[in-house]
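Each in structure tokens, the structures are laid out below.
Shared chain: subunit A. Partners: subunit B in the first complex, subunit C in the second.
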Partner chain A sequence: MRSFRWVPVTLFVLFVVVRAGRIGDLLSTGTFVEQTLVALTFTLLAAIIWLTITPWPEVLSKFFKPFDVRIASLVLGAIMILAVFAPIASGHHPNTQLDLVNGQLLPPSLAHPFGTDFVSRDLWSRVLFGARVSLMIGVLAVTMAITIGTMVGMAAGYFGGWVELVLMRLVDAGLSIPRVFWLLVIVSLWGTTDIYVLILIIGLTGWFSTSRLVRAEVLRIREEDFVVAARGLGISEAGIVIRQILPNVVPPIIVNATLGIGQVILVEAGLSFLGFGVQPPWPSWGTIIQDGSARIIAAPWIVTVPGVAIALTVVSLAILGDRLQTTLNPRDSAQF
Partner chain B sequence: MGRLIGRKLFQALVVMLLVTTSTFFLIHIAPGDPFMPDLSVSGVSAERTDQIRRNFGLDRPIYVQYGAYLKNVASGNLGLSFRSYRPVSEIIIERLPNTIVLTSLALIMDFAIGILIGTWQAWKRGSAGDRFLTVATLTLHSTPVFWFGFMLILAFSVSLRILPGSGVVTIGIYDSLTPLGQLWDRIKHLILPVSTLALIGAGSTARFQRAAMLDTLSQDFIKSARARGLSECTVIFRHALRNSLLPTITLLGLSLPVLLSGSVLVETVFSWPGIGALTVDSVQSRDYMVVTAIGLVSAVMVLAGNLVADILYSVADPRARRKP
Partner chain C sequence: MTPMLELRNVTKRFADHRLRSNITAVDNVSIEIPAGTRMGLVGESGSGKTTLARCALRLSNADAGEITFDGTRLDHISGNELRRIRTQFQYVFQNPYLAFNPRTTIRQSIAEPMLVHGICNRGNAEKRVTKLLERVELSADLGGRYPHELSGGELQRASIARALSVKPRLLVLDEPLSALDVSLRSQMLTLFDRLRQELSLTYLLISHDLGVVAHHTDTVAVMHSARIVEFGQTELVLSKPAHPYTRDLLLSVPSVDPKHHKTLTSTGQITGHSENTEGCRYFARCGHSMKDEQCERKQPQLKGTAMASVACHHVVPDRESKG
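Let's look at the complex of A and B:
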């Protein structure tokens, strides 16, 4: 299967050769966070190339053994690369109205792979730039939610007593209201249009279930022999939390984060669809669906394409999350 | 059993207080109030706006407003809508049946389909059908619910033209129908929104049930049942299925908030006049009183669902009853 690994690299090299002239555009456009993500993806690509030319460690070849995991990584990798290289790969600016007279609601064709929308914007470009927005929100909001959730869960699990009582009732309250409701209230009241505020809000409403998970893990680990031994050796409480407990809750958190990115992408899409998320004219997968919903009979492809993109991304993340679960937490996942 | 319910009810009260408090303060610390944007644009004088604020008690300090609000809620008075000047409880009661019909039918269909598929998959583990359904349920689980609604509308309302894609009844002809015809009209309007919510939910339920069933099937009592020569049917349905349903009952409580979130989106897609669509409307018009009340109502629905799940659990599992 070594040859299989060359596929993404070959595609990428071809892609760069074809579009070489515009690499410069890529690094000169976008906000700071976008450029950071670009840099991260370059690092990831370097890692992929390195793995392609060197023999894989056994752990990795084992991880990528199942067929569905390979497909999921390829799909996710392709979407990430297309998202990062959107300015090069798209061909049009996502908000440019190309031809308001003859170019409205064109069905998919060679010139416009996904067709055009009702103000003649190229849908392929919009979906690519939408991938940028949706993935960025997913990654950053989950990073935030995971950080808060881990801290709250560790505090509740480790200190117990009234700290635990207060924090866990707070989590109960957070979980007993539908998340979309929280988000609708906060986003609309603060009348935000800024994408970073949106990330902040999605992150702030996403940590409840993580903290429950972490608390349960901490409760279990706290009673394990090695923690008792560490305490017996006179290691400080802070040392126990950081050196003994934290490393052991990391694997379930990684799984939780992988699945969480998918959930955030779904939440963001829903919010943008209701008109409270990413604001037009900027595309996110949710806003494109909202745009298309008014023309669903005349131009069904506008609604269809971004939905497929969302489903592909979230399915791939779910497959990778499940795989991480079986690899990292073999004890908790039934081996069938 | 009585103690269990008592304890759960107390916990529910605490959670409800937290929910009311947090939505109240969340809304009141937000910049602006509902009379700022609309009235100043429409040329109403500042004195008049202040007058309206006073009428609704918005000029009092926030802790006084909060105390008054809590007292009102406790006595069942949810206040007046800023927008329509009607009692909030009236508005909600008007919309609630639509949402309850939609979500409860979806919940039943979700679990019926999910449990059936999950059980079958675990029974025929590793078969082509199991592998196909694993991919299918994962895909459903990962699909945006509102997009799925649009796809169903495209298929059944636009292409096939067999089912209506919006509203509760066919406006214009509903009143001229016979009672039976009216019922059929309502059912036809229910099919697509209910299926949207139920199929997306069934994806997760089936995955959960498959895992629970596989876990049960690997236990010793199943081996001993097989060794006793019981038929496969008896083993699966009388021994394994019953035990595997225990974790799925807990899922019932957990899936309610997800279902309500979904109904906000699905009601918007299908122009369904329920609580979800009301949430979007009142949030847009900053109708505080309606928004806080909806928060409370959905928390009550979720907590009631959890209570039912807890009771079902202790009915199904005698061990849970013995725990203090």
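Let's look at the complex of A and C:
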């Protein structure tokens, strides 16, 4: 399957060739940011070509060996590249209303690959720009949530006693109030709905279940003989937590994180619906679905496209997370 | 000879949430292990052998009692002081596959305690690990493998190498042979004997194989239902057992010679731990001909000398005079 390595580079070259006209336009008339993006495209192209022709270290080629992992990384890579290079890849500005008289709810066509929405905006462009927001919120908020959740869970599980009591009652309280309510309260107290504030808020309300999961794992692992052995050998508490327990709680955290990203994308959609998420006219995958849901019969492609994008992202992340887990576990990684 | 490890009235209880009460796993146990000797600890599963040994090395905390290691009260210290003294005594676990972190290589597992205690530095760690592996008759290239890639015998040796890495003086071996193939056991015992001579170690060997205990220990303590019921010189205890439980334990050893087939004197069902028995814990199973009301009401105490002591109301007089 060596030839598979040529697929990403072929796709990327195709992307540059198809959008050559747009690249030329941006180079001559674009803003500074857009020109930087063009430069970045060619840097990335060079990097991908270099990666394709040089032999990979064993770890990497081992990681990408299974077919589903290749497909998943290809899909996720494509989505990420399209998001980053959205100004190049999209034909229109995502918020421009192209033709309010004749261009509403157009079905997919060559001019508009995914059709247009009810105010005649190009859906392809909106999905690409929406990917930027959704992926950023998803990745950053989940990173934040699992970091807090892991630290709280480890502390509660390992130290026990009143530390555990206080932390876990806090988590119980957090879980007993619906997340949307949490978000609404914080958002209205905060007063703004800047995207970074949104990430912070979603991250701050997302760690409760992670901390419970981590605590349960730590409770199980800290009684294992190898932890008792480490203590018996005079290794410090900090050493035990970092080198004995943490590596063994990573797998469930990875699973939790991959599923969490999909969840956060949907939470953001819900917030947008209530008027607190990404502010219109700017798109995110969630807001596009919200917009389209009212016209699901007349224009089913509006909800389908971002829906499929979310599903592809989540499934690809899950496959890669699963693979990462297998590679990290010496028992499993020896088997293939 | 001053004892290397001395336990006085050590008690350990576990909470049983189902019964809403405590289970006493170790009940008021006192033992001494003199430096340079080999002590055996025998008894059926669940009698508290492992709990006792783990309490003795502060791997778990006893609820009551004094534990003295070489003049230091282990039950009084904690933190860094305890971490430092831990290098003096080490515990070898029954199942080596559970005793190693599955995500680190053997070499990392053995090197870490040495680095922590400053026995070696990053530069010479590799060399020291190789030396330790050779000491337990393992080839150095096994060091780069993960625990599941080693056989039970190899991993148990690695586990001993890890215990030896911090240069201990006392080694507690918790059924070190039970996870091994029978053919490997004698090799392992030879290794224990050699290490003891080379490093002048003191052993506490937990086992239910009386044959092993007979040949490889100087003294033996017999445990039943959280208490020590008989203690003494191995030869004496095993040749002339004074407690009915010890006798039954010896009779239960399977023999290859059909002529030596013996029947157990014990009767009744094997009962679990019971907190309510005021009397002898072995009462229900005891096949002693002189079993009486006193046995049912009063708990027998361990009586005798350092050579031999028994916790039974009806010790054979012949044995008592010898003690």
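Keep in mind that, in the parts below, the second predicted complex is superposed on the first by the 218 of 336 C-alpha atoms of A that agree within 3 Å, B and C clash if a C-alpha of one lies under 4 Å from a C-alpha of the other, contacts with A are read in each partner's own complex, and residues count from 1 in each chain.
Throughout what follows, a contact is a pair of C-beta atoms (placed from the backbone, for glycine too) under 8 Å apart; a residue touches a chain by one contact, two chains touch by 3 or more.
If you're wondering where the values come from, they're calculated on a predicted model, not measured in any experiment.
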| item | value |
| --- | --- |
| Partner chain(s) touched by A:304 [first = subunit B, second = subunit C, both, neither] | first |
| First, second, both or neither for A:204, with subunit B first and subunit C second | neither |
| Partner chain in contact with A:74 - subunit B first, subunit C second, else both or neither | neither |
| Most subunit A residues touched (candidates subunit B, subunit C) | B |
| Contacts of A:179 with subunit B and subunit C, given as first, second, both or neither | first |
| Which superposed partner A:105 touches (first subunit B, second subunit C, both, neither) | neither |
| Contacts on subunit A seen with subunit B and repeated with subunit C across the two complexes | 334 |
| Of all residues in subunit A, those that touch subunit C in their complex | 224-226, 228-236, 239, 243-244, 247-248, 328-331, 334 |
| Parts of subunit C lying in touch with subunit A, wherever the complex brings them together | 54, 57, 59, 83-84, 86-87, 90-91, 93, 95, 98-104, 112-113, 116-117, 146, 148-149, 162-163, 165-166 |
| Sites on subunit B touched by subunit A in the complex | 11, 14-15, 18-19, 22-23, 26-27, 30-32, 125, 135, 138-139, 141-148, 150-151, 153-154, 158, 211, 214-215, 218, 257-258, 260-261, 264-265, 268-269, 279-280, 283-284, 286, 291, 294-295, 298-299, 302-303, 306 |
| Contacting residues of subunit A [partner subunit B, same complex] | 68, 169-170, 172-173, 175-181, 184-186, 188-191, 262, 266, 269-270, 273-274, 276, 286, 289, 293, 296-297, 300, 303-304, 306-307, 310-311, 314-315, 317-319, 334, 336 |
